């Protein structure tokens, strides 16, 4: 992207970088904001349907689709008061921490092949880390608003974080293990083709892991049975009792944003990312082999797939929210620590044993993985010979991924001394 | 300032400042948790230096950089710092539990 | 009830945090009406609960001393505003007892029908609110859907949806409108299958069971000693229902009706209702059982209404013409208790011969039910308090009067 | 029947039964000691000794059936003897040599063996063994017989010991009235059984060491028995005296044993004779019993055949042998109360009479004689001569003392000493079988006399003085009669013509005959015949004096006489048994030519006496040579005995001579004899006083020389210690204290830095590191 | 103006954040404010790591350090910061010592940091330096530059493999010759066991002290 900018539009280098950085940010921001609005409306509709009622109908047209806009306007107009006993500085800061963390998580999520803000090697790990930070916002809000109820809410949030983060982290390990790298793009590429190649159907362990991942994700987003932090019936409204107006809406935005990012992560890891159930794009040739234009077309289809799956995930969350009663804090902790964690460990073990049970992975899968890896680390030959004397002929990139590394086989591990981690965003 | 490339020295300066802040925090704060924060600062300064030394692009002769060793050391440092914080906090809470005070100066029992 | 050491739910507090006095204040969303609970908590664990009442006091009884018997009926409505009909019945029966007045049989069947309908409505709202306390919003809406239909029926009968003051001394203000029975019949027919839905929604819902089973355990002897009545008492396994063991003037209403008191006798409930089995975590006297008794009473009331409708339609005679407003009360006093949806509603009238009673006192079932909260409301988590309060099905109107 | 197996068993059994009785009584504890059941102890020990007697008799019968009763030894030599009846002594000596040369006697038959080796040093084994020959068998029978009779007698005699609350008039308590004590008959029988065991053991012993052990045991038993009434002062002194004097004798015995062991290298009897033969190989060892002289000359003039060193050892051996002989005899002197060491026996009469009867007449005192008999081959001529002379002196001295003794038991004691003198004389002059035969007969009639005296004392309630008795024959006819037989026996009454007499007659006659033969052969020692003859007269006199004073005449003390009564049957029966043996001991066994003497002769040892340079050649006539003088001697003996008898009757029956007048005439002699030749005082003067003197000297040295020296040494060390303490305190402690104090102060100052405030520590830490870096950083370049 | 190096820009930005909040931690009295400042400071440090090309370490810092340790600290603050302990004022004497210490140590550290010329920055001669942000294509543009900065960024797989013991980043010969150490398998195992022990210890220290006999209510 940067080079094309420099060449086509003749921007100075630093300007080019600046633009190249801002475009993804703006795009992502829109995705989150619009997504939040849409999903708020969707939630009202879905809960209405669940509760045998219509949900918003009158506001803005046929299906009350402007309802969330109305809410937004209401919230903006509301008075933004800071309670007396509150620690004003922290009180104001808390919502911004939450929102920023939630938005930061989108940095490494690929919406389609190549459409990713920063194709980090440690993408999955990065998303988890950022999700972990979000809890600070809630805790600070809970503490800063001075009232006992909000402090209790904050503490519950902290307790909940401690309990869900471990199983969540472990669930993520399984697909990463199979895909061979933490880069989300690679993981998605590995799942291309029929929906059977999705990792969720790869082996039964992964299927169960998906549902555990989903439960822990629910807990991390404070939704439904795990929404202890802002349990109306007990703690009035938990940590955001004292918030009103725009600050409260920021929290709301953060909640929906992280809801979307979590389901995006789920989709990418388990449900094949932007690959549709049926590989139509490859059939009709909309892939990058046939050129950049067709590739982008294929990407659009992928984007649609991705968005649709994420929204399915969110609907699933809503559905769970409006049916199940809330769990108690100790029950939440027992579920996460005493049930999910051991189960995930078992699944991890199962997954490790899978090649032993059901034989080595299918050739196509290995081929896809190899290709995906290639994309990340292009052959040195195509790369400009930066440094002759270092790349001895004998080096050949034949890394067989760690999973297959076992003592018995003598692994010839050679690597090119020069690898470039930056994504060949601008291949061709 | 923004045009000059960054070298290891810059990182060392930041590391030094962090280190000094950590030391001062440890010596001046009377709250045990405050002291723990000081410790965290000092440790992060150390890790910063590791990372700085491991990046070949920051120095003149590229080969002298620590390369992957720096990363691995930083990893180990982070992990152990976390563990250490856990133990330190456990001790602090125990002290608080038994003496119902978090003030370090009141913990003078082991004086000469 | 003290928490035994090996009770799994006993959360060992480790770091000695200070005790915190928290106000689950009058305007708390989960306290039905305006009950204020002062919780002494230590972290999440509640060590002591003290209820404060009186926020909804309208000194109805004092006013009762300046009104004649029939003029006092609307005030009884506003005591337990979810079961207004039962209150009217209670007051009117007390006065009739003072007057030694007998109302015709048709009136009695009418009263049974109306009262049981009102009981169903009250239980439905109790169930919905309880679901809300535990965090699910949907059951509340389902409950209101049914309750709306009943209120329509009542509207048809006495023109009001909440404060009816329909049953008065001597019978009812006016007879059932024609075609009402058919509407009621239709309601009952479509209501019965829905009960199955509520069970799946809440009673057997695993999270609901986890949140209520074994919580707020109220042993039978404590329930009796604190004077709990109604579903709370029956939830603890005490087989006592005024409709059967009450005073003759009241039980005569229910003569000829075959109904069995809903209570867990030696390990199982009366088996003429198809009801979901008791989960193994639930112990007798805990929140789950109280909730479960109310759900079964709804089914019982449906069968009672059906019988009442048949009897009403078969018996001839007037529906019990009410006495005049300034009807003179004989000197003396009378006290009568009736089985309202939330417990025994007792009315005590002292009159010196004039139309205006000297003293019109109401004894509320919810009041004694609430007094138990101090006993069973400690040693548990904050999240359990709403569950316990909800299970007691309190109504501040009746308590504060 | 094989003797080798049966004899040791039988005799061993007989020997151990009394020990068993002793053990049971001693360990029987309260069961036997209770006054009500004390009589059981008596029955037990009596049964035990009867058992031993039965076993001894069985053994004797087996011995006799196997070895026969032995014939008198005058066989072919006898005829030859008749031939040379009237030849001169020198021819007699020659005849002896030829006899000897002609046929070698086939050695003494004996059964010996070892039961248990209790110690072994090198190849020298100390064992418990037995050496049984005819002598042992006879002595066994004699001892068990006499002991049985005395056991029965003492059952009766110590009757009052059974009750409690016995008043002992001889012991005065502080308050003056007689001392009251509980009866202890069980203890008497306990010691009696122990005594019998040790006596039988002594006789049975297989080697000298074992003999010595039982020698000591016997001494202890006599100490216990003498000191039975240990409350009495006299009894205590007598017991001590007896024991001490015996010990002196035993000392000599021990020296003798050591010397003997030095010479022969072995102590067992069996091997001793063989070893003797080896020591004198070339001397024609006179195997035949009748020739005892060994040509010492040939032995001494060792021609060139022997190496020179053999020569010295030969002299040296003989000297040692003599010493051994004398040592052993010294033991016998002590035990059998011979001349120098006889003083304890008269005092030993303090013990109860049965003790005196058994221990101090028949057995223990005879042990000495038995020992001499057993070790006969060892004695050289000199030693035998010494034995003879000691015997003569003792018999004369004792006899004279017996004349003047007034206590009935003392008279008998002196008579025992003189009879022992006779036995030693017999052995001294080579009359082996005569001496031993006299030992046996003396045992019978002396124990009879003692039991009689016991019956008299018992009857007169512990009155022992002769001068207060008299005329008891009416009260105690049986006792009187039996004692008269005893007196006759001891006097040696008999009819030489018919060769019939009491046992004493035969034994004393053989004895005198041997003495006469010896005197004939060795004219220089003629006194060895005349003095015993005179003694015989004295014996007769004092024994009949005794009898007359007690039984004849009128009772001198009316009161005593009234309540005298005949002794009960349990006391009379044993006296009757003893009387029978006193009479028949000397007779020939009907239908056989043998008698007790022939049986004894089976055990005659082959004499191997050595010719020693000191003594002139002494000829020891063989015993059978002495038979020829038998009849002549008999008549002289009877004559002397008769004179003695007459003299006594004159004095006491016919009151011809009044004893008190005679006393006045022979006043000084009478007093001299009365006081036992002042020997006690002499000993006291010779031994006791010097000893006390030495003791005082030693204590003086100890007190005045050694103690001061030691005290001064102690004071010196104390002063030294004090000095050293001062030095330590001043020189060493002070500097060290100073150093520790200074360190302590330094530490206190340093302590101030430990404020306990963590934050200050941290400040120090940082400043320290920064300082360090500054120094390293900047000073480094300089 | 000449080319703005975004890398430097971001570096200074994050540096300012980190140091600024570090100073704020020192200066503020309220323990909760200190905690928040610490969070921002360490997040800034994580940013610096990313800028130094250590993606994995940066993510680890964010996740473990900020996400884990600081939540722990927040817990500690919440549990103890009741009433008087929220803001414990340190005596003025301490501040003076602190200032002296700061002066001294900075005076030592800073010159030391700048003492080694090698550390000042990449290829002194080159006007431009490559940062991880600039891709390989960039070099063609500056082909004329005499020294070419070979940008080497450590990828996660390499770190992962080295932890397991296979050093893919070093060329083969050195490894065979044995001078260079193999991977970090042993330290990796030791750290895992070490962690286990520490956490058990911490859990034990802070475990619930169950009252010997159950009181009427906890």
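Letters A, B, C, D and E mark the chains as written, and numbering starts fresh at 1 in each.
The working rule: a contact is a pair of C-beta atoms (placed from the backbone, for glycine too) under 8 Å apart; a residue touches a chain by one contact, two chains touch by 3 or more.
Given the structure is predicted, the values throughout are model-derived calculations rather than measurements.
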Chain labels contacting chain D and also chain E: B
Between chain A and chain B, the fewest steps along chains that touch one another: 2
Chain nearest the overall C-alpha centroid of the shown protein atoms: B
Between the pairs A-C and B-E, the one where more C-beta pairs touch: B-E
Chain located farthest away, centre of chain E as origin (C-alpha): D
Most widely separated chain from chain B, with each centre as the mean of CA atoms: D
Between chain D and chain A, distance of the C-alpha-averaged centres to the nearest whole Å: 127
Length of the line joining the C-alpha centres of chain C and chain E, rounded to whole Å: 63
Chain centre separation (chain B, chain D; CA means) in Å: 111
Shared interface positions of chain E, touching two or more other chains: 3-5, 56, 60, 68, 70, 75, 79, 94, 97, 101, 105, 112, 132, 150-152, 158, 169, 206, 209
Chain D residues counted as touching two or more neighbouring chains: 759, 763, 766
Set of chain C residues in contact with two or more other chains: 11, 14-15
Chain B partner contacts - residues on chain D that touch it in the complex: 750-759, 762-763, 766
Residue ranges of chain E touching chain D (in the complex, touch as defined): 94, 97, 101, 104-105, 108, 112
Residues of chain A that touch chain C when the two form their complex: 47, 50-53, 148-149, 152, 155-156, 225, 227-228, 231-236, 322-331
Contacting residues of chain B [partner chain E, same complex]: 1-14, 16-25, 27-34, 36-38, 40-41, 44, 47-48, 51-52, 54-62, 64, 67-68, 70-72, 74-76, 78-87, 89-94, 96-97, 101-103
Contact footprint of chain A on chain E as seen in their complex: 3-6, 30, 32-33, 36, 39, 43, 55-56, 59-60, 62-63, 66-68, 70-71, 74-75, 78, 132-133, 135-137, 139-140, 148, 150-153, 155-158, 160-161, 164, 166, 168-169, 171-172
